[in-house]
Amino acid sequence: MYRKKVMTTLAAAATLGMLMAGCANQAAPESSSSAGGGGSTAVNIPALTSIETPKDAVLPAGDGKATCAATTTLAYIGAETGANAQLGINIFNGVQLAIDQHNKANAGCQVQFKKFDTEGDPNKATGPVTQATKEAGIIGVVGLPFSGESKATGNIFEQQKLVHITPAATNPTLTDNGWTTFFRGLGNDAVQGPAAAKFITGKLGAKKVYLVQDDSDYGIGLGKTTSDGLGSALIGTDKVTTGQKDFSATISKIMNSKADAVFYSGYYAEGAPFDQQLVAKGFTGTFIGPDGLKDDQFIKQAGDASSNAFFTCPCIPGELIPTFESAYKAANNMEPGTYSIEGYDAATVLLAGIDAGNQDRAKLLSWVKSYDKDGLSKHYKWNDKGELQAPTVYGYKVENGKIVPIGAIGE
Amino acid sequence: MIPTLLTMLPADDSTWITFDIPSLMQNFWSATFDGLTFGSIYALVALGYTLVYGVLNLINFAHSEVFIMGCYGVFFTLSYLGFGPSAPNLSVGAIIANLLLALVVAICASALTAFLLERLAYRPLRKRNAPRLVFLITAIGASFTIQYTIFAVRGPNPEPALTMFKSNPIFEVFGTFIYDQQLIIVIAAVIMMVITERFISKSRTGRGIRAVAQDPDTATLMGVNKEKIIITTFVIGGILAGAAALFYVMKIPSGVQYNGGFILGIKAFAAAVLGGIGNVRGALLGGLLLGLIGNYGQILLGNSQWTDVVAFLVLVLVLLVRPEGILGTSLGRSKA
Amino acid sequence: MTESTEETGRHAGIPGVDADVAEAAAAERDIAVKVGDDLIEVKNLTVKFGGLLALDNVSFTIKRGEILGLIGPNGAGKTTCFNAMTGVYKPTSGQVLLEGRVLNGLKQHKITRAGLARTFQNIRLFGEMTALENVVVGLDARHKTSVVGALLRLPRHVREEKSSIERGMALLEFVGIADQAATLSRHLPYGSQRRLEIARALATDPKVLCLDEPAAGFNPAEKEELMQLIRTVRDDGYTVLLIEHDMKLVMGVTDRIVVLEFGKKIADDVPSVIREDPKVVSAYLGEPEDDFA
Amino acid sequence: MSMVDGPTPLHTAKADQAAEDRGAVGTPPGSSAAARRSGWFGGLGEKWQALPRQKQWLFLILVVILAYLLPIINPPLISTEPGNDFPLACQTMAVWALVAVGLNIVIGYAGLLDLGYIAFFAVGSYVTAMLTSPDSTFLKIPYLWTIPVAMAVTMFFGVLLGVPTLRLRGDYLAIVTLGFGEIVRILATIIPALKGQVGFQNIGHPPGTDASGIPIFSNSNGTPWYWLTLTILIIVLLLAGNLERSRVGRNWIAIREDEDAAETMGVPTFKYKVWAFAIGAGVGGLSGALMSGQVGFVSNAKFDVVTSILFVAAVVLGGAGNKVGAILGGALVAYIPLRFTSIAEYKYLIFGLVLVVVMIYRSHGLLAARQQLLAYGQKAYAAVKASSDAKAAKAKTGPGKEAAS
């Protein structure tokens, strides 16, 4: 009886096949000239092969003469498990690398490293953060990576005067809380949006930009600053949902609008299938996304369609700093990911403080406050709110199935 | 009721709901075709819910995982065959052969999952005559177990996209292109539905299914092997879910993910209830309707989040007015 | 009352329920009509399922204080009639009146509170509750404690809870299963489950107690005991409507019998007359009507 | 409240179990009933039953004191440190226990499968956030006042959702509540006043600061929060016990066991289902308010259906219908990922499996205790037992032999 069912199914499938054969025989118009999409905007911006690292960038190794107590500890607090684990892994691998390099060079100062898991969940974050602040040996923290959990726990660091540098949380309001212990190791959304807008209308030469944002704090905030920057070039907006897989409604709006560029303000989980479906429907313009899209997963999931994609990111292309890339790869058996270098640099700032003799919480805090040096990825100097003074936004594109940097944008 | 309450909330500078009617007019036909395409996938999955509900009176929560296992079947077949992110330049015959192979594997994966689910989770409960709540909680547990087993093995990220063939527009209706992919999905889904309906109404096994749906005890007395009918029903649901999986992966190559079936499953169940659970035609109607509502809603409101809200409100309203769904229940019972 | 439980612990026999017990188990409600007057009036009751006429223009009355039997061959519409009276089905037309008050259209629980209680042919006890708790659920139909009252244990709640234990035990004693008060009802033996159903229905303090084939699955000895129990119930001031298949039981216990066939009433008289009624005989023997006529 | 007149003044864990065993004792010897009903901890209940009243009291007081001292003792093997602060973990466990007790009213008592319970938790959190956080434009009231307000608002939402949906068949309810859970989360995103992921910061807390000016109820100070939550939990337990041993509880169980029969026995089933839904919702809102107060931040982030299903798992794990089981289940579901951080990643897999296995092999959950539904039932049961014992003794001695027992 099952056999019968399978047979009928096969019959149906065969019908399907024949139908498809019919379709394929019909000479399909070249998709580039078929539907929607403005003229070809294939702007050819050459990829960078290496970037200039500051000559006197501070490295974790220091001068090798540092001494410190055996209890001196740095901590990473953030997601280690859960749906957002990958981002956390990228970061603490970077931190781990910095600490390993430091300890190897400084026999007299073996800094310990502790990790606390928040799953990226604000409701769970108070437990690990409180635990970390209770441990007297911990004098500096890298984290927390997400804006929500940072908001939920910033006051605990403040109460305990424990310095922490976030390598990934980009919500602009985070620095409005009057916290003196919070430092952001990268540019916030308010920096990236205008730069992205400038990049799209300038270097990419787009005239009609369609903006699609997801429902995250990140997507909404970035969407707003970008659309402000785009001005009259913006011809339409649409909103999608986290977890959405089918974007046909949004795509038909875009195709009808004859946009020549689409800016997607969100993460790759939705951005990748969106780009893929967009191109499958014959879109020939460019696709631009922020750092939330800039991940190898984007290319994996969008497939060939990703070749039209550009990214903006207030992050340095760490993979282009050969020393960092090779060391990271040797230690973790994978390429550095998004925010790996931010984690590395943040740890370096703290380690340099320890090496300079700032070995309690108060001293390390004031060390970070007055820090003014080059890191591997950028110059680190914070204003009194904890924002970097001159964060740089970089552009990236997809070339031969890889994300490659194209230099600083928006300047 | 809820919207009026919400207007009492403090006003903010931005409006939270807008109706973009010109956009709906402009995109009406493309939204319709896309909605029908996705609706057909809903409908195929909805059939699985409907059939099982018909014979067991059970919401098989884990049917979404039966579906996602089919998606993994497609993915592994295609990656074994060497498909990558770009569509290979294959002859039509080769494409069909590959698709058929993927279909068979998907169907096997889904049907096997459904079979195991029935044997390992539901059958022990049936043996000791467990109350319905117990069945339902088991189904939810099974759904979670399968999802997070996949999560443990394959990680949180979707599998890389594999493209089977490049979708091309074939003709134009109302100024909108129709793509071969859309046509294949809709036509194949409808054919499968028709076959299923025929099978249920005409074949001997189909009569058995209907008999068990109507009155399991009497059916047993009349010589129907209830256990066999139940397992058959699960397997048929699995087969249809496997087919749906192929179409889904064709349409959304990056949809193969541990929890990729969950929301789709809930929507498909909603589709089944909307059309009238236990009713084969109802599943088709409900699926297509839900696909259309989703697409129109997204375009009209400019925010896809509303589509879930609207879909559920429609479902609740329909249930309140017609607890039996639009077409009523016909596979089994007339009893409420 | 605990003392009385111990004293009469093993009366077990229905014959001769203790006077105290009968007193405690007796109904407490007022009935507007006198003994012998019409308590329930079923007027032209018709029930249709789709095109099928399950009950066709049936009328009869139940007099206060009597035991009325409702009989008929399988599929004659007994249970349909019963269900239409107790609010499970909405009658297509016709009325059911209790002391002149129209019952149809009321929700089932309101009908129960109005004074019409029933048992189920296929026993439907609350399996996870003890026998006593089952009975107390029935008693709750007359209670007035609100959710807030129960939450804060207001005096009325305390009063009602205390009295319900006493009355519940008395009812269990009355039907002869007091010694199993603490047993989960699904663990009770079959006969006790049947009795518990009656006790639970009596607990709602009904004016009319409707028994749906209470003797199903009983052996002759148990049936005899049941007949005894039904008589005691009547003697305690309840009016009883008895649906039964077993002619012997019906003939033995009822005061009057209504006979249904194919959804129609074909006879309504005292048992001795019914026994001789050729129409009833033919209905039960399954003779074609034209043969008979 | 129950101190005044009940035979079991403090209705807690063991009292339930004792009741269950009393129930089992009444069954005739040889019936499998007693054996079948007693759970893994069945023997415990019998021992408890055998204890004199004073010892029971003493034991309960000890348990409560121990519960209060838990974060201070910080027992080495049980402690969640060094991964998570233990007092805060205690608070999380207490909140989950409260959630499970509330959901137990809906699922365990009334038999209504609510898959969107997280929605009530969310509504409670948002009410508290909007009435205390400086990020909201609403009027502000002190934190402790938001607790009753949150309960009232969530109860209102419970009724709002219950009235249309509780007329539906049971399993439709599951899907509709699931949808409702999603809708609340989505509305929190869409409606600007609810601030989506941006959320509300600096949510209020009970008054008081310590010597250094840091609030006593700071989000990093778990112990006072835990004490507050535990106290509320005990009050809720006492009240739930009152409901259980009243017509309300009996009607709920009757509805769960056989809704039609309940209706026929004069139970206004719809009304009591709505009550169950509303009361369950109120407790959900209460726990949401406590959670958001402690965390100090509310956004739409974690009010997802997946968490909602963990709530169901908590109730089912402990034993649906059993308050003490619910506490145990809730605390365990919260505790395991905090204690064993290395398996936190697999918690959904673990709890999914637990659901299936528990349902197949032990659908009564870990603690197979039955509800005690009569406020004054013990005396009656004792009398029945005494008389049947006497009878048994008489039967044995009847032939003239001296019974050994």
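Chains here go by letter, A, B, C and D, matching the order in which they are written, and residues are numbered from 1 within each.
Keep in mind that, in the parts below, a contact is a pair of C-beta atoms (placed from the backbone, for glycine too) under 8 Å apart; a residue touches a chain by one contact, two chains touch by 3 or more.
Keep in mind that this is a model prediction, so the values were computed, not measured.
> Which chains, if any, touch subunit A and subunit B both?
D
> Tell me which chain's centre, taken as the mean of its C-alpha atoms, is farthest from subunit A.
Ranked by distance of C-alpha centres from subunit A, the top chain is C.
> Write down the chain pair with more C-beta contact pairs when B-D is set against C-D.
Result: the pair with more contacts is C-D.
> Once you find the CA centre of subunit B and the CA centre of subunit D, what distance in Å lies between them?
That gives a centre separation of 35 Å.
> Where the CA atoms of subunit C average out and where those of subunit D average out, how many Å apart are those spots?
39
> For subunit A versus subunit C, what separation do you get between their C-alpha means, in angstrom?
Roughly 74 Å, centre to centre.
> Return the distance between the CA-based centres of subunit B and subunit C, expressed in whole Å.
About 49 Å separates the centre of subunit B from that of subunit C.
> For subunit C, which residues are shared contacts with two or more other chains?
none
> Which positions in subunit B touch two or more other chains at once?
Correct list: 303, 305, 308.
> Going through subunit A residue by residue, note those that touch at least 2 other chains and give them in order.
Correct list: 82, 85, 215, 241.
> Please list each pair of chains that are touching.
Contacting pairs: A-B, A-D, B-D, C-D.
> Which stretch or stretches of subunit D touch subunit A in the complex?
80-85, 88-89, 92, 186, 189-190, 196-199, 201-202, 214, 218-222, 291, 294-297, 299, 301-302, 338, 341, 344-345
> In the complex formed with subunit D, which residues of subunit C make contact?
Per the stated touch rule, the residues are 2, 5-6, 9-10, 86, 88, 107-109, 112-113, 117-118, 120, 124-130, 132-133, 136-138, 140-143, 145, 147, 150-153, 157-158, 160-162, 164-165, 168-169, 178-184, 187, 200-201, 204.
> Can you list the residues on subunit B that touch subunit A in the complex?
Listed in rising order, the residues of subunit B that touch subunit A are 23, 26-27, 30-31, 34-35, 37-38, 84-87, 92-93, 95-96, 99-100, 103-104, 107, 156-158, 160-163, 165-170, 176-177, 179-180, 183-184, 187-188, 191-192, 195, 199, 203, 205, 232, 235-236, 239, 243, 251-255, 260, 263-264, 294-296, 298-299, 302-305, 308.
> Where on subunit D does subunit C make contact in their complex?
Within the complex, subunit D touches subunit C at residues 1-2, 4-6, 22-23, 25-28, 31, 33, 37, 239, 242-243, 245-251, 253-254, 256-258, 260-269, 275, 279, 321, 370, 373-377, 379-381, 383-388, 390-391.
> Over in the complex, which subunit A residues touch subunit B? Could you list them?
Result: residues 1-2, 4-6, 8-21, 23-26, 28-29, 31, 34-35, 82-83, 85-86, 215, 237-241, 243-246, 248-250, 252-253, 255-256, 269, 272-273, 276-277, 280-282, 297, 299-304, 306, 401 of subunit A touch subunit B.
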